[in-house]
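Each of the two complexes below includes subunit A, the first together with subunit B, the second together with subunit C.
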Partner chain A sequence: MWKEIEAREAGKMRTNSFTNRIKSHRVSTLHLSNHKDIVSPHRASINSLQVDLTEGRYLLSAAADASAAVFDVQRATDYEGNGNIIAKHKSIFAIDKQHEQGHKYAISSAIWYPIDTGLFITGSYDHYIKVWDTNTTQVVMNFKMPGKVYRVAMSSLSTSHMLIAAGTEDVQVRLCDIASGAFAHTLSGHRDGIMSVEWSTSSEWVLMTGGCDGAIRFWDIRRAGCFRVLDQSQTQLGRRPPVLERSVTNKVLMSKSLSASHNLSVKPRALQKKSANGNSMKQTPVGRIPAKGSAKQRLHPGMLSCHDRATAHYGAVTGLKVTEDGMYLLSAGSDSRIRLWDVESGCNTLVNFETVRLQTTKAIQLATTQDSALVFVPCMTTVKAFDVWTGRTSLSFRSHYECVNCCWFSSQDQDLYTGGNDRQILVWSPSRLVSDELGDRFVQDTDNWSD
Partner chain B sequence: MEEAREGGGGGKVRALIEKATNSTAAEVDPRILKAIKSVVRSSDSELRLAARTLLDLMKRDHSQVRYLTLVVIDELFIRSKLFRSLLVENLDQLLTLSVGFRRNLPLPPPPAVASRLRSKAIEFLEKWNASFGVHYRQLRLGFDYLKNTLRFQFPNLQANAARIQQERRERETRTKEILRTKFETLRANLPSIKEEIQSTVDEIGQCLNIILTQEESMPLAPLDDEDFVEFRSSELQQLRLDSLKEGEKVCENSDNKVVFDTLRELYKLLMTNHLISVQELISVLIRVEGADNRYRDSALKELIDIRNRLISVKKKCEESGCASTDAVKHWKEKEEEDFWEECKNGPFENGSSSTPIRQNGDLDVASNSSKVKNEAPERSKENTFENELPSCEGGITNAFSLKSKLLAEAPVMQWGSYLNNWGSNMDILANQRGMEFESHWGRVDYDAVIPADKIAELNIQATIYKEDQVEIPPCHAPLSTGALCQRRDLRVCPFHGPIIPRDDEGNPIHQSTSMDKTTLDLQSNLVGKLAKQAVMNVRDADKEEERKRENNKRSVKRAKLARIREHNEAVLRDAAMASTSRSADIGEDVEVVKGDKSLARNKKQTLASMLHKKVTTKDRIAQKLLNSRVKDSTVKQLALGEDTNYREAFPNQW
Partner chain C sequence: MDNSKGKKRQREIEIETEQGSDTAQPFSLEENLMFTDTLVALRIMRAQFPHMDKVSIQPFILQSQLYSSVKDRTQVDRELESLRRQKVLRIFKLNTGQDDHAIMFLDDYLNQIECVVKRMEEKEQGDLQVFEWFRTHVVYSKLEPSIEHQELCSLLSVGGEVKDRQISLLINAGLLTRQLIDSNMYWFAIPNIGSILKGISQGRKELLSLLNRRKYKEMMLALLEKKHLRLSLLDMRFHIRDLIGSGHLKTIQTPTGLVIQVSKD
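Here is the complex of A and B:
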């Protein structure tokens, strides 16, 4: 590490790569933090976790006992243990059934308003989506959904809309507009309830939804109908190199792909062209490629029925996560598979993730690191970190006593938060620096051989 | 290098651990344990290996192995940091295997050891959490999960001990505080208290002086009034003398009444106030731990002096016998208690030794004594007077016997306020009880009357039936050792026949002779008793006979059944012998043939043997009976129908 700092000082290393190296090193040392306890006020399984996107400071958790709580993860409320080495983070506030406007049943999903921490949104099994004012802990808006709400999502980069995408028991995805307090869109296409909803991180108009029918659909909210259904049999081998690993040979391709991703929503044809040009791409039905673009354009609202019936998983799609750069989509299904999709081509990249078993009945929340090198997946009682590109298990976090439902990676301080059915929110943090270790030498844990 | 050492020395710790856990004992052999510790301490690789081995052993499908493994784990856990850090990584697994909280992974048999394993694991977890929880989040997490989510009961040893300690400390500080404040007040008040006591003592002294001078001048007169009475009983005489003496003492008249009153009051003050307060102060001084020891000692000395003086004054008062109501009461009570002890009658003691008068006295006092005990001496004096009065009239027993009979019959009432208007037939004004009704809600009818019959109705006594304890007299038949038989049977001693009254040497006393001695009234009583006894005897005999008859019938039936059962068993045995090749007897033979080697192995308890259920006779019989072949044979047997019935009914003829 000192060498790296020296290189940075000498200007041999770029700022970006330096921070990335430090970060990835820290991520590789993640372990159960002994110095950071989150005191969970929840009396049932934790369904959702999110650290706010603006400050990276407030953790929002939602649980099955209709409670949601907010924690300050930067500043502890009190300390414990001799030498005050255990920092306890108690909830700043919690809303539960006792709250006059609280939810009646389990909250399945709670998210921060992406612009600031003044609002947060909860979706519950009692069919309601509520928008809360954080400061007064009062409900400012209420959306009645046709069924149990499984997942809500807001676009983190939207500048022109304030839509909450909601996946419910119902087959239709609804977009709730905070500005007007009404449903702005009703997107139909799924044949079963929708377990997971995710906004694209590259375009504010693109929404991805995964349903219990095993389909993952892409929607452009400016147009009617879905414009893509991911098909697990449509595959490509390998991947385009990540943005950060620039090499001379890939540079041209890189710029192309970047431009393509910018044009993605505007010009589907450009996308099509790009995917045809991709060097590492291999599509099985070769003859169909040229026809596909035009056909899709023509058939767009209704699409070809065989396209429309394509599935991404055998079983329900329980989790979706777009990588930070918006180029790849990770999906988890009740068939205990995780698939990595190329967003632009819509192809299954055939990365084999060594999952053991995934929870099948509940929606799970995946997390990726900022450079999309690792994906954290709750696999029953453990959380596993897989290498996104190879699918190998690089880390395995086990300390939960029951199934883990959700995880959140805070890219700011490289902390991983996991919540599970055992009502605990665990913090996994990188090992501390040496100076920190020296600080609590006086309460060292030592050998104690009496004989 | 490391690998090689692990390969070479690794075998050792593994073998040691396996040896330690492969036992049926409740604890690990301390020598092996020590060896394990010393081996593990020597190198980290050994420790790693040990951790791995132990975790492997925890997966064994045998609670005993897991239990011993857990004990070894605990030993290493509390000692080695490396071991701890290795183990907490897999704590959830360890807890699953030792506590068995997952439904799909219950603890393996044997169940007894499994429950011990669970309790031990919980105890260990608590201990570990208390001592190392700060350093290991996993420990805290596991503890928290078991405690708060699964609601396991932890023994809570440390917390309990700490709590008790804390409570005791608090109590001590509190008492200390109280003592200190008491000491402070004492310090402030001591002079005034001393003064007060001194003045009281002085006054008592003066009063005593006055009385003593008066008493000297008084005549010791009124004995001769009753001189003509001839006392038959020495007890009564004693009683009378005592009462006279008492009367002499408490003698007061209009002249010295005031003095007596003051004296009484002062005495009371002395007893109830000063003496107690002085005692208290002394105890406070003894217990307090102040900085001012000199003051404490001097005050203590002073107080003890005061106490001694008070006691002497008290004695003086009691000696003069004037005001000491307490003393009189005490004396009276003692006397009464003596009576009580004497007048206990056993069922067979006919009171033949005591004179009728004495009995009267007994009864009288007995009926009144409960009141006497709690009331003023005047009252008791009256009582004793009553005792004397009839005896003055010449010892005519008729009136007494009537009275005693009535007294014996009379129900004993509970004391209560209703006794105030006992026997009165008046109506009672409801609202005239001295209560202020002015500010009562609503109007009050001052003339409201509760009619007499209503009052009577209200005063109806509910009595609870109480079984009176009868003391069963001992048999008292002479034994060969010279002692008397101490068995207490109601009617018949199993060794010495029916229980009859016997004298001190165990010779039976004939009822008739004792009857002669008793007086008439008692005789009649006895006759009644005897008649009752006779009736009861007859009834008992009847019952006995009936029972015997029933028993006979039953025994006949039982014998019949037994015969039938015997026959059945014989048939079954025959059938089983015939149909099975490996009957129990043959198996036994084989066992014997195997020789002492197998016997020795059988005797030694092994882990596998713990898993086997202990086979009881019942099981064996059940197995035999439920054996399919036997079942078949029985079915066949049943199919034989009438023939079988016939045979079962007359097994002898088969």
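Here is the complex of A and C:
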């Protein structure tokens, strides 16, 4: 460690590589925290966890007993243990069924407003999405959905819109606008409920949804219809080669036959040459009438994707996570498979993650480290960290008594928060040097001599 | 250490299989558990496919068996993908479990189709042209495990005019099955595989219950592979590889050899 600091001082190592090295070393020593504890007020399974994106200080948790709580993870409420080394974090406030504007059924998803922690949004099985003011804990806005809300998401990059994307048991994705209090528009194309919704981390207009029909669709909310449906049989072997090595001509193939010609998809023929101009190739000119069986309807070109029945998983898609650089998408399905997709080409990179079983009925929340080297996946009662490019299990966290539903990795201090059906929120932190523990707190020097 | 033993054994096995004896049982599973390469693993497992009297079926390998035999699963997936694209083998989705796939070499698959066609000719079940069209036009052009109805019709119509009852012939022969979720899509299937699929799922249950009944839920591999399964036509080695690959069993190295244990996750 000191050698590295010296190298950094002398300029032999760049700042970025120095911080990355320290962070990845800390991540590799993650274990159940022996100095931090979160006292959960929830009385039912925990469905969602999120630390706010602006300061990395407040943890928002949502549970199945219609309660949501906020914790300050940097400042403990009191200390316990011998020498006051265990920091206990109690909730700053909690909202539950007793609250007059509270939810009536389980809250499936709670997220912070991405710009600041003044607002948070909760979506529940009672068909409502509520926007709360954090300081007064009052509901500011209410949106009624046609079905149980499975997931809500807001884009952390957006500068021009304040839309909440809601995935419900209804087949349409709805976008709710906080600024106006009304629904902006709906996105159709899925054939069953939508369990996971994620905004892209590279574009404020791109939304990715995973449905119970096994399909993952990419939507540009400025247009109608989705512009890409991920197909697990469209594969590429690993990372795409950098642009200069690829051939200049785009190889576009008609992969489906004449009758399905309105669904052009790009299939890479040679293993190394990838072309990814899916956007412009997806829609046929307006005049062409697709002859599919006997239904000769004139479809809007944006809606042609609803005929595309490609599936990304053999079961429902239960979790989605976009890497922070916006280039790769991880998806978990109820077929107990996790797949890594290349966002630009829309291909399955065929990385095999060694999962045996994943939860099939509920949505799970995945987490990645900031440099996207590890992905944390709740696998039944354990949380496993997989290496993103080789698929090997690198760490395994086993402490929950029942199934784990959600996890969140705080990249600021390399802490992992996990919540499960056993009503606990557990904290996993990197190991500390002994000298740190007794650092700034006053420690009573007590002897155990009898006299 | 297992790997080096495995390589030595591989060479011996290859010599033996060339000489024609493919039902040799003296190869203990313990020494042949891991292989270096997917194609080598496929060939050896194909040679070790159990010989069954009641059902005539060409050798196939389950994808979970490959995962237990080659260390790096991502490498297995990628090599399978490139072999599939080179038309060396075909992958079929089975209905026995969540993510079960069977891998069969293309020649074996075509042989299997031949057997089925011959049997249908004996029973004189009508116009068998469609099988010829299927073989020449569909098998070589559509490499995925599933196919859409429209595409099937258009590929078959390269040979001649396609009628619905001809597609029913294909389904009756067991070459195609309808998908449950989507009535317009078909899965490619291996004909005559029904009893074997039943054997696979029952054999898995039997093997797991055999180990679960024991006090510590484990057994030495050398002893385990000598047992016989009552309910399955396939042999113990097949099932052990399959369950290790799907994660239900795990192997522990002990001073006296490999021990198979039921995994707790």
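Heads up, the rule we're going with is that the second predicted complex is superposed on the first by the 368 of 451 C-alpha atoms of A that agree within 3 Å, B and C clash if a C-alpha of one lies under 4 Å from a C-alpha of the other, contacts with A are read in each partner's own complex, and residues count from 1 in each chain.
Methods note: a residue touches a chain if its C-beta (ideal position, glycine included) is under 8 Å from a C-beta of that chain, and two chains touch if they have at least 3 such contacts.
Bear in mind that the values here come from a model prediction, so they are computed numbers and not experimental data.
When the two structures are aligned on the shared chain, A:Ser33 is found in touch with subunit B, with no touch to subunit C. Once the two complexes are laid over each other on the shared chain, residue contacts for A:Ser399 go to subunit B alone; subunit C is not touched.
Judged by the touch definition given at the top, the superposed model places A:Ala44 against neither subunit B nor subunit C.
In the superposition on chain A, contact of A:Ile22 is made with neither subunit B nor subunit C.
Of the two partner chains placed by the overlay, neither subunit B nor subunit C lies in contact with A:Met13. Legend: residue contacts after superposition of the two complexes on their common chain; A:Leu426 is shown touching subunit B, with no touch to subunit C. In the superposition on chain A, contact is made by A:Asn352 with subunit C only, not with subunit B. Overlaid on A, the two complexes show subunit B and subunit C touching the same residues of subunit A, namely 381. Note for the complex: subunit A touches subunit B at residues 32-34, 37, 80-82, 85-86, 381, 398-401, 422-424, 426, 443, 445-451.
Residues of subunit A touching subunit C in their complex: 213, 233, 235, 237-238, 256-260, 271, 292-293, 309, 314-315, 335-337, 350-352, 354-357, 379-382, 390-391.
Touching subunit A in their complex are the following residues of subunit B: 34, 37-38, 41, 78-82, 84, 91-92, 95, 132, 134-138, 140-142, 144-145, 149.
Residues 67, 72-74, 76-78, 81-82, 85, 93, 98-99, 144-145, 148, 150-151, 154-155, 181-182, 184-185, 246-248, 263, 265 of subunit C are the ones touching subunit A in the complex.
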